[in-house]
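Below are structures written as structure tokens.
What follows is chain A paired twice: with chain B in the first complex and chain C in the second.
Entry: the complex of A and B
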């Protein structure tokens, strides 16, 4: 008691700064103790959570399997199925359990196909889960909306197309991405029509994801990509060029040729690559005649094109560039020359004493290309 | 000098120490708050990402993993296997054997069926010459692997050789002994493909400590919390640095360093600035500062991104000798980089780089150990003169200690609420224990190493990398 009083007296008589430091220390100490206790709870909770999730997953899996095998031909929904639906409805009211039900449904849906997959789809509607997903679309929180769209995509809910398509230019890029994936996953190439109205940038990441989804759909006709190649949205043009390359859109060659004069360098370079891929011979002469006006990236891309489409008439042009300052251009020019005129190539041995030229020359001379 | 003048001088010294400590602690608190905001946002955004699409996509951009190796014979086979086990589709692995004196190359040739090939290198950055040659595998299973054997020139030189060899637009520069998780590349490439308003010049990843973890065939099977205090303390230190520090700097777009153990770079820009500097031991920090400086000078919008997921695991020093050697090198690297780029300091032309990132590093990274030692010396002098106010000393030391512990516990919370890697029962207690002990078991050695680094920098210019003896993660025992 005495020492306690001594401490109080000491603090009272201390300068204000010392008093403040001790008060702050006590505050830190209390916070530390609270955090340590909470950490113990948190770690236990996280561990326990994993067990609970595993338990519910198992339980819902068994419900779903029972549901799948409880159907009969007489009734649309058997009694047993109805019981399971009711149980799932009750569980789905709880957000934690709903999340587990949805993930279990999804996992199972991805593992099976045919009628059974359709049954899972039906169950998604019957258990009222679709209602929760739809209500998410009205949320003010962007991540709730995005999760809702993702769920609707996974369960192939086409009916909400009109509600989702209006979000195509949403300010949050995560929502835009989910909208794009919804449209393309469910409506395939038709879904790409969002490109007509897209005002925001379609990132490279988004483009790759969309193209990956599209690759799952065979025997489908790609819509006319010409309007996208002429889009004022540069990222739409870039995406259309990728489509042209992957789906060999030779019929779009005129629109692609126009892109050789596009104001964005990256688009001009991409256009050269696509024209090379499509073997559009007309592009070669246009580029060759304007070679000196091209940027270095375009020049390198042009030489790649030339590797695909060279003709003997290109020899003077190639000879003029075998000592070009850029490594890749020198390499391409010498490579092409060796292929169609080995004697001419050999005669170039002494043309330059530049070490890089000599290295490239020796490499090409001694290797099969 | 009369007594009052001495007292005024002492008062000024006290005030300077106080102001410094106030700003240091203030900056930590602000960074912690910013990192909390950034972490929350990252976790929310990341919950939507489907990495599988990128994983299998053949149109995803190609990446070269460049891994320099010097006398890594003990673990090189396992390490390369780990690098070859990424789930990303478009990537290759370039191992640069930097003049190893051991049998690394022979082991690689045998294990991966390597044969010498003719390879034309676009020598965009000068490096030491090739020694035995360039090797590729005859086994299609290892077609992604290229091994370059060159004369010894140091880590930076080896990385530059990798930059010359790579045919891809993105290069992941990593330490060969690092263990990359299978999804590391797709997570690291994401910012390059996603950010549209500015050019991403590099992405840094978190480095996690793999001591005591169970690793088999290049894969991380089980995460364990090590028993050795020095390693535990480094785990805590890394959590603080990566989850609280770099996360905040990432939000401020002010990252000055990407760990040399794992970073992904825009190769074009890395080459434009001349690649890694071979004259510094802090080449990982130096290249980032140079790339940033280059972008600022070109008036180009850019970003250095950061991925907080635990993607790269590495072995940390488990004895004080190697630990001090490592931190000594880090200190010298920091001094070299800051000195080399001193033009940036407080220069408004470099915007936040010159007015925020650089000053922070100068005052709170470069000068912190120096100021701390000056403080200790000053305290000793005061003790000798019997001028110590013990009531002040005890109160302030206790406050500083409690703040350090609190800050560490916040870092632990950040880990638990996000990546929760140390799941096993009892680890929470160990983490708390090391938070309490770390200021005593690790900090004095960090301080010592930093001072040694300063001394070596100014008085022992010949000192280069120092020693790092590896035990091999593959042989780590539970």
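Entry: the complex of A and C
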């Protein structure tokens, strides 16, 4: 009692700031204790959850394996398979169990091919899981719709193409991404037709993901990309240029050359890069004649093109630009000259006394580029 | 009656390992399943199997380390089949350099796996 009294007297007689510090310390101490108790509870809850999930996962794994090996040649669905389907239908009514069933089916479906994979697909339909995925498409919550589309993509459900394709210009980018991946994963290059009607922006990340999916298909035949190169949606044009570069679409060169006068500089620069990749000689002359009207980025891109497609007739043009103000252009011009006319290159040693020029010249002279 | 040939399967996907166990035991083999590389090595050392099936990416010890352990430390010539996911071509080449005998890219057909197992255990 005396010690408490001492503490109380101490607090009462302390300056206000010390009192405030003590009060705050006690307050934070209580908060920390509450949080520790809550974390312990949460950890226990999560661990229990994990055990429950593991238990159901094991149960559904054994159902799945039994289903796959219970078939016979006489019936389409054997008695044992029908029993398993009914059990799964009952379990699937509960959202928690449904998630585990779907993840179990997917874990196996992603690893195997052939008739086993087709059987898993059949089970997805027969157990009614497809109905739940389809109902998600009508949800008012965007994340539910997105998850529904993703599940239908994973299970290769092509029949719902018409219901999904109408979401291609959905205001939520997460849904648009899932729609795009659905169309391309299931319908391969034909699925890219959504680009005809896409009005929203196709981000760089979306483009990378689509290209990643496309590269895995055996049939690498691209449909006609000209309409996409002429699209009013700039991101579609950018994506079409990527396709032209990766799939060597030489037949689209005329449409790509038209992009040299596009209003967006970044598209003009991309077009130059693609034309360089496709070795389109006509582009070189057009750009050379308009060189002074190009922006700096286009001029640099043009010199990169020239590094791929130089001819001896380009020598006067190159000589005119060896002392250009921009570093990359100077470097490119000297590099190209060294390759096809080493004597002329050597004679340029004294052409300028600028330190930058001298450094570039020495670097190119002493290195194999 | 000859004893069933032992196969160690190292695969962290429990659904796939259950399927393969079922399938291969139907063919008369005895399957010993490991959920990770560490468990796989323990099983190989204890049971001396006739064949090893191993995934490449696994917890603790990878499939490549399992192959290296079998060939370089245990000095065994047990046939080894490696499973690889798409995009792991470099890993598959490393697996062959370490001494793997065959590989199957995922997704694979279990029926084809059985044919390859039978061929290696002939």
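The rule is simple: the second predicted complex is superposed on the first by the 328 of 369 C-alpha atoms of A that agree within 3 Å, B and C clash if a C-alpha of one lies under 4 Å from a C-alpha of the other, contacts with A are read in each partner's own complex, and residues count from 1 in each chain.
One rule holds in what follows: contacts are C-beta pairs under 8 Å (C-beta built on N, C-alpha and C of every residue); 3 or more make two chains touch, one makes a residue touch a chain.
From a predicted model like this one, the values you see are computed outputs, not experimental measurements.
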Partner chain in contact with A:263 - chain B first, chain C second, else both or neither: neither
Greater chain A contact set [chain C / chain B]: B
Contacts of A:353 with chain B and chain C, given as first, second, both or neither: neither
Chain B versus chain C as contact partner of A:110, first or second or both or neither: second
Which superposed partner A:57 touches (first chain B, second chain C, both, neither): second
In the complex, chain A residues that touch chain C: 57-58, 61-62, 64-65, 68-69, 104, 107-117, 216
Residues on chain C engaged by chain A in the complex (per definition of touch): 13-16, 18-19, 22-23, 26, 86, 106-112
Touching residues (chain side chain A, partner chain B) in the complex: 10, 14, 18, 21-22, 24-25, 28-29, 31-32, 35-36, 39-40, 42-43, 46-47, 143, 146-147, 150, 174, 177-178, 201, 203-205, 208-209, 211-213, 235, 242, 246, 327-328, 331, 356, 359-360, 363, 366-367
Chain B - residues contacting chain A, complex: 44-45, 47-48, 50, 53-54, 56-57, 59-61, 118, 120, 122-124, 190, 192-196, 391-392, 395-396, 398-399, 402-403, 405-406, 409-410, 412-413, 416-417, 420, 423, 425, 427-428, 432
